[in-house]
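What follows is a pair of complexes built around chain A, which joins chain B in one and chain C in the other.
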Partner chain A sequence: MQAFLDVFDIYLLEAVINGILLGGVLALLALGLNLIFGVIDVTWICYAELVMIGMYAMYFMVQYYGVSYFVAAPFTILLVAILGAALHYLVIAPLLTAPPINQLLATGGVLFVLQSFATVAFGIDFRNLGIRLPVLALGDMNFSYARLLSFLAALVGMVAVYLFMTRTFTGTAIRAISQDRQIMALMGVDTKRIYLITSALGGALAGLAACLLVLQYDVHPFVGLSFGPITFLICVLGGLGNFIGGFIAAFVFAEIISLGGLFSDLEWGYVLAFAFFIVMMFIRPAGLLARRR
Partner chain B sequence: MMGQGRLAAWGIGLAALVALPFVYRDPYHLHILVLILIWSFAYTSWSMMGRFGLVSLGHGGFMGIGAYVTALLWNHLGVSPWIGIPVSMVAAGALALIVGYPCFRFRITGHYFVLVTLALSGIVLQVITATRDYTGGSLGYTPNRTSGNKLLALQFDDKTTWYLIALGVWLFGIVVWHWVDRSMSRYALEAISEDEDAAAAAGVDVTAEKLKITLLSALMTALAGAIYCQYQMFITPDTVSGIAVSLQMVFAAIVGGLFVSLGPTFGAVITILLAETLRIGFGTKAVGWDNLVYGVLLVLFIIFLPKGILGSLLDRLKPQPKVPRAHEQEAVQIARPGT
Partner chain C sequence: MRLRMAARLVRGLVIAISATSLAVAAQAQDKKIKIGVVFDLTGPLAGGGSELGYIGAKIILDHFAKTGVEGYKIEAVYADAQSKPDIAINESVRLLEQEKVDMVLGFFSSAQCVPVAARVEQLKKFMWMTTCISSAVFNEKGYKYVFRPQASGDQFGMMTMDFIAQNAKAKFDKEPKDLRVAIIHEDGAYGVDVSKGNEAGAKKAGFNVVMKEGYSATAPDLSALVTKLKRAKPDVIFHTGYNPDITLLLRQAREQGLKFGALMGHGAGYGVYEKLKEGMGADATYIFNADPISIWLANQKTMDPKLPPVIKMVGEEFDKIRPGVAIRSAHVGIGASNTYVFMADVLPRAIKKYGGVDPEALRKAALDTDIPEGGTMLGFGVKFYGEGSPMAGQNERSFPVVIQYIDDKSSVVWPKSQAQREAVLPLPKGTTYSNQ
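== the complex of A and B ==
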């Protein structure tokens, strides 16, 4: 009996820690989406598809052209940042005054476009980077370096964004716009430019997430669907546009998925997470950290 | 109100549609027509909510429940679809109420409503995949062929029969659409979609009105899923549930036109013909192209033609004397009570 308990605890601890590691990447994804929502007041339904394109970019650079992983990563981040800015310029900007639902649906259209573009251009095969990082054994627990690396890089990325938002003039302008859209234009801030910068920044975060996810998952055109919905739920649970709420919610979700997966299949972890989300919507409809009015 | 001429046009059109399979028997074209009718019905069900600003991405979930509950009851318990379909509709309706009530009670609207319903279709998809011992998971599921009474099992090999069933279901959808269009609820829901607080102040029971239309829409969508399952005899989580199906409904309804009764049907005709043309034109190379065209069209439509093809055409054909509704034309200012 004692032996059984020991094993059980080790697995539990391992699942808890894996959950935290998963939470780092989810938090990074949620941060990008929250940034876009908080500043531009638009939900990019196609956010996970941007990540998918970034994963393909990594795959081709590393596998086909033999570029080293760490050289390819900045290019990928830049590429997805440009994609994000283009998405804003081509799709969101003409719809800025349209009803919010139309903006949401237009990015839904972009989701179709990106997914099928990947299908047409790259085929539906599963591809992976072919980099197999070693596994870190800590006592009886095993953690993959890929997850550890992702977690640390995600943390670094989030700190970088935090510093950018608080220490630079542009970052301050972005935060100001998220507080009051109309007044900032009167104060001489070029809102169009700020929106474009924010979109590029959101894209860059998606690019960073792509570089990290490609270490752990195979790339295929529909890979976005496997973590896209969960990202939206995290953002809503944390309160759309609320960075800290999104951060906490990401770890809550990751733990539910990880622990739920421990006791049964991974899908049940997701089912639990979704169910938890719906229940939480009833208890805290405006998000975990909603400001009381 | 329907004029004499419109009624006659509907009658002639319907008679022609009913007579069609007896005159023209090409199985491929009939198959396309059946698909168009079934999906039209699903899109119409979605647009019953969508036209009032209740954009749901959870309808893939309702459709999946309709299809899978019917098929599972038939295969595992031997329950005839005649009972299975109502059971699946009740299941979808119950889910709609469970999710809808708190949403409407706590005023979850706009982005939040879309994302909550997105979670709903995510759950249904994951549950179907996770219970793969029963549902076959992502590999798909086939209802057992019956050896006995075909009517009892609702399985017909004959395309004509299916065409007539699909036509009946589609017509039912259009009739319900008109019924809602002429009911008091429509005015209540339009008021809600413009300003919830003002509508509530004017005596509209916001939660109840929204729940009613959501329930109706979910029941009809589940029916569409069940009929689709019985016709195709093969369902996968990706073809009847999940976010892709939900987005497809939104897309078709918007392309056709949300605010006219035949708009979603028009959307289904366009999208299915487009997909089939691309499939035939490009063969296996076409994988993905149809969705690429869909996506580009969806974006263009939302930017340039938010009322859809049919909606815009009808507007152009006859400039109507009535005042446009505010959620159709945002330039129009409406007088709110108290201002």
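== the complex of A and C ==
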């Protein structure tokens, strides 16, 4: 009994809930990237760097110009949405018919441009928004409101994107394009416009992630390196373009990290998560929720 | 006619002599030492203290560039290691082989120092490390051309443990065996090395080590680590990290309600108070940090009298570059002092006694170094372990001190001989992390 209690104590429950909250952060990040992946079929390697630019925007508006967090947030979402659209217009659109490796290299180039831009423009200092949200205490367990907010935003974001994609004409057009890029143009759909809308939407979701991540992390030009690779893995694990799959993959990944880290060294949590990813790529290469053929 | 010829002869002679002396002067002027300086100016380590070390080293190099050393001009060539070991190696090799620098100097990260030292030694070139601390750089390597005046990582770890050991009974009212300590560290060469010192110190003191764990400095989440710390209930946490992992850990610790009696940092991110304060606000108060003493806190009365004006000059130059900083980071002083030792002591001896600035002359001059305690801006002396020693190239006279941040000031609290005030230990009741 004692051995059971030693393992299944209150800290295990705390780790499980923290895993869920981390899953919320990762799901939020994966949401926009999944949209781009699924529709435009282009890998935005620089996605986490768009989040970084959004975090800087929040920092400067709130810290330097004294703008309220709630006023700054919509501006940031709008700014990153414009950035997303600009990225598509300037970099992706000319390469849409190019081999995937060219698109990958181009967005990889944008990653370095954005990192270098941030280094030159904002310096290498770590900047902190300075907003400390209260903590939710449940007995011996404590949870961060910032993470709870991310979790809720991810949930609401996913439902909103799902409804948009299934209940609106534009959403239907986006899904149709993701199924057949060439045929939709023949049916009179303005594919350029749809791509631009999708990119802006992906950017807006990156902006939303930035607004919430800046409450939890310091912003610096290389903050994207902590999240970029893991976000890609989640999108692939969930099945490219599959929002629900991505959402579930984020929580599975986060729980492996959290519980693996609790029962062994923290590093092993990440090793297990990546090992799980590799195994799943053999078992379900099209994603967690893909139908078996 | 003869008179005219004699005049021509004299004129010719004068011109020839002038030309010769001009050529000699030009040759003297041409004598220079090219120093390759490598720090992280971009990437996560830049803001974690590397750029501050670079500023300190540059202030000294600029100072000597104005005067030269023993007739040699000083030319510094700067390179950015971008917080990556492979870039640090490539840049060092580029500086040595393409830029033809006579030596390399600097290096913030231990993860870079270890492979770069091996490569530079292989090339039989001279390397002077100002900042990185990992013992693994030297341990049993038998290097001939690599030198470090800076204290080594295990000394950092031992020093903080010694401090707590000496205060366990008086401050925590616990015997050492009853004192619960946790050792956590980033898992690079730097963190691992300091944690080894922590472990050895804990064993010596007889502490109850309830947790020891490493983590990646770029991990996006440390909540599982915090949960384990909560479960382990340590009285004192010994932490070695860069930034922003320090801020992330302490933020998540606050959010998850982690309580402890004291937090001991070990340089790097803990040496940059401005960033701790920005990230943690008032919770940065009462944190301890082991580092070489800040040159602005060192006891100037027991110091070589020629050093206080240099400290003043470094402070003034730093304030021009970074105006309005509340506490000048120890990293600036570390970069400045350790560069100054080379420029003011080793280099003149290499030129005068060993006839130049080739690696052999610099090596011999470095091995001759014999600076007593109080002979550097950091307070410690300099004498390098020689060939045959397992730590050949490491300064045997260096030591870190333990400082505590209180009310936006940093004060030395250990060792007793250097202490400027009594340590506040354990964390006072009512503070965020206090377990009282």
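Going forward, the second predicted complex is superposed on the first by the 280 of 293 C-alpha atoms of A that agree within 3 Å, B and C clash if a C-alpha of one lies under 4 Å from a C-alpha of the other, contacts with A are read in each partner's own complex, and residues count from 1 in each chain.
Simple rule for what comes next: contacts are C-beta pairs under 8 Å (C-beta built on N, C-alpha and C of every residue); 3 or more make two chains touch, one makes a residue touch a chain.
Quick caveat, the model's predicted, so the values are computed rather than measured.
Colleague: Could you say whether A:F112 touches chain B, chain C, both of them, or neither, answering first, second, both or neither?
Modeller: first
Colleague: According to the stated criteria, A:I124 is in contact with first (chain B), second (chain C), both, or neither; which is it?
Modeller: Both partners, chain B and chain C.
Colleague: Touch test for A:F274: chain B only (first), chain C only (second), both, or neither?
Modeller: first
Colleague: Examine A:F169 and indicate which partner it touches, taking first as chain B and second as chain C; both and neither are also allowed.
Modeller: Once the two structures are laid over each other on A, A:F169 reaches no partner at all.
Colleague: Can A:Y64 be said to touch chain B (first), chain C (second), both, or neither?
Modeller: Neither chain B nor chain C is touched by A:Y64.
Colleague: Looking at A:S226 after the superposition, I want to know if it touches chain B, chain C, both of them or none. Which is it: first, second, both, neither?
Modeller: second
Colleague: Touch test for A:A98: chain B only (first), chain C only (second), both, or neither?
Modeller: first
Colleague: Name the contact category of A:L22: first (chain B only), second (chain C only), both, or neither.
Modeller: second
Colleague: Let me check the overlay on chain A: which residues of chain A are in contact with chain B and also with chain C?
Modeller: Of chain A, residues 119, 124, 221, 225, 230, 265, 267, 270 contact chain B in one complex and chain C in the other.
Colleague: What residues of chain C sit close enough to touch chain A in their complex?
Modeller: 41-44, 46-48, 51, 83, 187, 213-216, 218-225, 227-228, 230-231, 243-244, 247-248, 251-252, 254-257, 275, 278-279, 281
Colleague: Quick check on the complex: what are the chain B residues that touch chain A?
Modeller: Those residues of chain B that touch chain A are 53, 55, 99, 102-103, 106-108, 110-112, 114-116, 118-120, 122-123, 126-127, 129-130, 242-244, 247, 250-251, 254, 287-292, 294-299, 302-303, 306, 327, 330.
Colleague: Enumerate the contact residues on chain A facing chain B in the complex.
Modeller: Residue positions touching the partner: 37, 43, 91, 94-95, 98-102, 104-106, 108-120, 124, 221, 225, 228-230, 232-233, 235-236, 240, 265, 267-268, 270-271, 274-275, 277-278, 281-282, 285.
Colleague: Show me the residue ranges of chain A that touch chain C in the complex, using the header's touch definition.
Modeller: Contact set of chain A toward chain C: 9, 11, 14-15, 18, 21-22, 25, 119, 123-128, 130, 132, 135, 137, 140-144, 146-147, 216-218, 220-222, 225-227, 230, 254, 257-262, 265-267, 269-270.
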